[in-house]
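Got a structure here, written out as structure tokens. Questions coming.
Chain lettering (A, B, C and D) follows the sequence in which the chains are written, and residue indices restart at 1 in each chain.
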Amino acid sequence: MEAQAIFDMLKGKFGDAVVELQGEGFSPAFVVVAPAEMNAVARFLRDDAALSFDSLMCLSGVDYKEKFAVAYHLHSMKHRHAIGLKTMLPRENPSLPTVDDVWPAANFHEREAFDLFGIAFVGSKDLRRILLPEDWEGHPLRKDYKYPDFYHGIKV
Amino acid sequence: MTTRTDALPTQEMTINMGPQHPSTHGVLRVILTTDGEVVTRAVPDVGYLHRGLEKIGERVTYAQFMPFTDRLDYLAAMNCNCAWAWAVEKLAKIEVPERAEYLRVIVCELNRISSHLIAFGSYTADMGAFTPFLYGIREREHVNDLFEMICGNRLTYNYARVGGVSGDAPPGFLEKTKEFLDYFEPKIDEYNNLISYNKIFVHRLANVAVIPAEEAVAYGLTGPNLRGSGVPFDLRKDEAYSVYPKFDFKVCVGTGERGTLGDCFDRYMVRINEMRESIKIVRQAVAQIPDGPVLAKVPRLFKPPVGEVYFRSECPRGETGIYLISDGSVNPFRLKIRTGSFVAMNIFEKVTKGLMIADIVAVIGSFDIILPEIDR
Amino acid sequence: MGLKAYMNDIVEAVVTTAKGMRITARYGVDPREEVTLQYPEERWEIPEGYRGFLHNDIKTCTACTMCVKTCPVDCISLESVRGADKRMVLASYDINIGRCMYCGLCVEVCPPKSLKHTSGYEMASVTRGELILHFIAEDAAEIKARVARQVAEAAAKAAEVAKAGAQAGPEAAEVPPSGTAEAAGAQASAKTAEVPFSGTKPSDVSSESAKAPVVEPKAAKEGENKE
Amino acid sequence: MEALAISLVNAVPLLAGVPLWAVTLLLMVVVAAVILVFALTFEGVGSLVLRKVAGDIQARIGPNRVGPNGMLQFLADGVKLVLKEDLIPANADRLLFKLAPYFAFVGSFAAFVVVPFGVGLIAADLNIGIYYVMAVTSLVVIGVLLAGWSSNNKWALLGGMRAAAQIVSYEIPVGMALIPAVLIAGSLSLQDIVRSQSGLLGIFGWNLFHNPFTFFSFFLYFTAAQAETNQTPFDLPEAESELVSGYNVEYSGIRFGLFFLSEFGDMFIVATLSTACFLGGWNVPFFNAGTLPWIWGNLFSLGVFLAKAFTMVLIMMWVRWTLPRLRVDQLMRMAWKYLVPLTFVNLLGVSLWLLVFKGKGIPAMIASLFG
């Protein structure tokens, strides 16, 4: 199914929660969704017979300087088509509902986004830092991250 | 079985496995909660090899990031090199000369063979048979020689370039490749006779950590781990990138031949069979390789257009997806690398419930994880 | 489990074990299968294009700094001054091979092809400073001073020539009258003494680098010894 | 031993003035020292051979730097083990931690006492020889269990527990598989068992070819004994890829060396027992070494015995470098579901055979057919 068709379908189902389609220059195209509806949209994408996006390829946090975003790359094993989902978050206290109940694969990716961007995934079954130590300060992949000089008295 | 309530009170034991454990394939740490030898919970703790490759990527140019992809999966650096090159080319819509694509496919498949040899070898070593490991290493050395010939290094190849490859195959390379394939092909049968179908080995792997197909898809497993569950999904076929559509090869899937579909033995067997398919591909590529340039004209100060691209390629450990955001400058704006091992660690806790300590080792080996790929 | 399955189990275990043992026995008795290379005595053939230690042929180097700019790990550092003939003169060229990852990007971009990988791969040292290859034995400050002197001399000569020209013909009156030749020379030297480009210095070892010996000829020799 | 002492006193007039008990004691010490030296030498050479065999099988060379062709590697290893610092973990049970290696070493070393090296070369021809070997080698398990427990390390504990379960389970099939030889000889003494296999039948006089049941007994014994000595398909107590190194993970220096030596000692004991019980011991085909002069007969039989035993050791190493490791539940299943029933069936078979054919084996019957 083409990105435009998927966008139209989602638009029909979720109305204003589906913001826009990022098509030009994006591969795969992104459907931008309001963060609050993320889980519902994800569930619909997975369960709808015509879409059946049963696999979450990748989930990444992005820092667009003025905004955060979470990008989801979905793929359907059944129909062999792909789509991107994106949701924009404010810089202050970014949080959105988790999708790890829809795709269990999301858990580690969400932990990574939480670890490196500080994006909170509400309702996640296990949201801890994954790559960095538990007591690390800051979220390194943010564009405004300042490198610490010391970690536990060790020069970094 | 009835449970007695008047039995001796027992306590669960927490064991720290790793990060310096011989069979966690690097610096993986697993926190085991065991009831005697039976593991009630195994929580993987990753991140001991985190080097911030994604952050580094934002500070170097597209060409400069190539050597860093070597360090992504050091056992399959060629595949990672090419994945990066393909991703950038997809972003900037660069046409790559056909000879370069053929060379890439040849080195990728050779690297797949050498990576699977390590997977095979280290897995058997985990299972207690040390000899096949050295046989695997011995064969891998021939692949390393080939790579040394074509790119000058034995482990961190840095061979692919945005727009092609760094150099043409030196004279004699293709002949040597053919020689190696002829030498190597019978060795696979030898491995099978030596260890794959050994009764003890089969017993150790069969019916251990069974992952049904739907679960494998839902957890995002890719590569041999997914195919071991019987899902015929191979990006080389399904995404048909590069010149892969020109070759005739089979997608190997697990068959449950010695146990349940999706057990450790199936995942192991998929790798063994994939080596045969890779041999097939390399043979065809060597036979068909056209003449021509190997590097497209790419400006030295390379600036791709603004855009976002997600490129996935089939690496030996599953899908390596590169999500690349360009803001039009010389550096990537954001790059995220999704790797097969990272995703495989996600399902680890689920499949290891109720196994024995020895099986934990079997599961780690059957996923063929590699830590730099998990931690990046 | 029936008796048949039970016996089958035993037979299969024995047969597969025997198969495996046949293979290991074959390797065990056949000395030709031994593949170990007795390293310090025997060496493998280094292929052409092997990416060993870097070597810069400073005679052909133009100090263009392409290698410094392209190095992903900043292991190359160079200092240069503009010489009398308007060419860049290298004052120092150091490669920290402890940091180098042998990716070969610098060699690829080198315009005069003066930077090359040798086939050397053996080096051990007790201090990190020894891992910095100095390609110019002379002290950087000395070179800078010398070049400055040369520039000054050249400027003086030029001024003299100009003066001579002015005396010879009336058209040479365009030569700026103000400022003697010496003053012009001093000005020029002051300008060139400022280093136009200073590459990144390997920071963590810079203190040790001063006492490090010049290892460049040795590395090159090692490369030749490979045959 | 006393008889030997008397004959020695008679032979050497110098000793006539010394009390008999002193001579006996002296003799005992000398014999013990000889056996200890032999055991240590064997263990050293064994470790070298093990590494060489491993190298050959794995398409490598193996140790080749110390001495000509690496021959002195075991000396270097030994020196290294002795000189290394002996660490005791802070939280270890110090007494038990120090005690454990001796149990293991004594267990394997004491078994050398009854090994029939030659016609007259046996330290003590106990009339309960096999029983004695079984008993003292069981001491090893106490050492291993103590080591695992006292290290205060979870991996070591798991290793020790595995070892205890494993060795206790496999004692049964080992014992049961050896009984056919005892039945045929009618004696527990190893020397008697070896003698029962002499005769003019050559290699067909060996218990291995006595009847089909003894043939299987040999393989059952060999398999079970591999497990008792923690050799590879059954090396779960150390399982370096699972338990890091199992019970000896916290040991270093000479204490580790003692465990290491006891492992090789066990290996040799298994080889000698299978040689003595099934492969005719020091018997040579068609030749009675007992008819030679004492010294030559003993040397000859010693050579034959060691050749056979070393062949068995080599086979054990060969198996070790071929097979993967069992899982702990599979190990138990193998003992209780396969080896124990099979050895019992075998024992029954041998007993019936001896009853029906009046103790004659197949080769003997065929020989009697031809007169």
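FYI, a residue touches a chain if its C-beta (ideal position, glycine included) is under 8 Å from a C-beta of that chain, and two chains touch if they have at least 3 such contacts.
Quick caveat: nothing in here was measured; it's all calculated off a predicted structure.
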item: Touching both chain B and chain C (chains); value: D
item: Winner on C-beta contact pairs when C-D is weighed against A-B; value: A-B
item: Most distant chain from chain A by Cα centroid; value: D
item: Gap in Å, rounded to a whole number, between the CA centres of chain D and chain C; value: 61
item: Distance from chain B to chain A - Cα centre to Cα centre, in angstrom; value: 25
item: Chain A-chain C separation of Cα centroids, rounded to whole Å; value: 44
item: CA centroid of chain A to CA centroid of chain D, Å; value: 64
item: Overlap residues in chain B, where contacts from two or more other chains coincide; value: 131, 138, 194-195, 198, 200
item: Two or more partner chains touched - positions in chain A; value: none
item: Residues of chain D engaged with two or more neighbouring chains; value: 57-60, 321-323
item: Interchain contacts (touch definition) - all pairs; value: A-B, B-C, B-D, C-D
item: Chain A residues within the chain B interface of the complex; value: 22, 25-28, 30, 54-58, 60, 62-63, 71, 73, 77, 80, 84, 103-105, 107-109, 116, 129-133, 140-141
item: Contacting residues of chain C [partner chain B, same complex]; value: 9, 12-13, 16-17, 19-20, 23-24, 35, 44, 47-51, 70, 72, 101-105, 108-109, 117
item: Residues of chain B defined as touching chain A within the complex; value: 46-47, 50, 52, 54-55, 90, 214, 217-220, 231, 233, 238, 305-310, 312, 319, 321, 323, 325, 334, 336, 338, 342-343, 345-347, 350, 375-376
item: In the complex, chain C residues that touch chain D; value: 9-10, 17, 20-21, 23-25, 27-29, 31, 33-36, 38
item: Residues of chain D that touch chain B when the two form their complex; value: 54, 57-60, 154-155, 158, 161-162, 232-233, 235-236, 239-244, 321-330
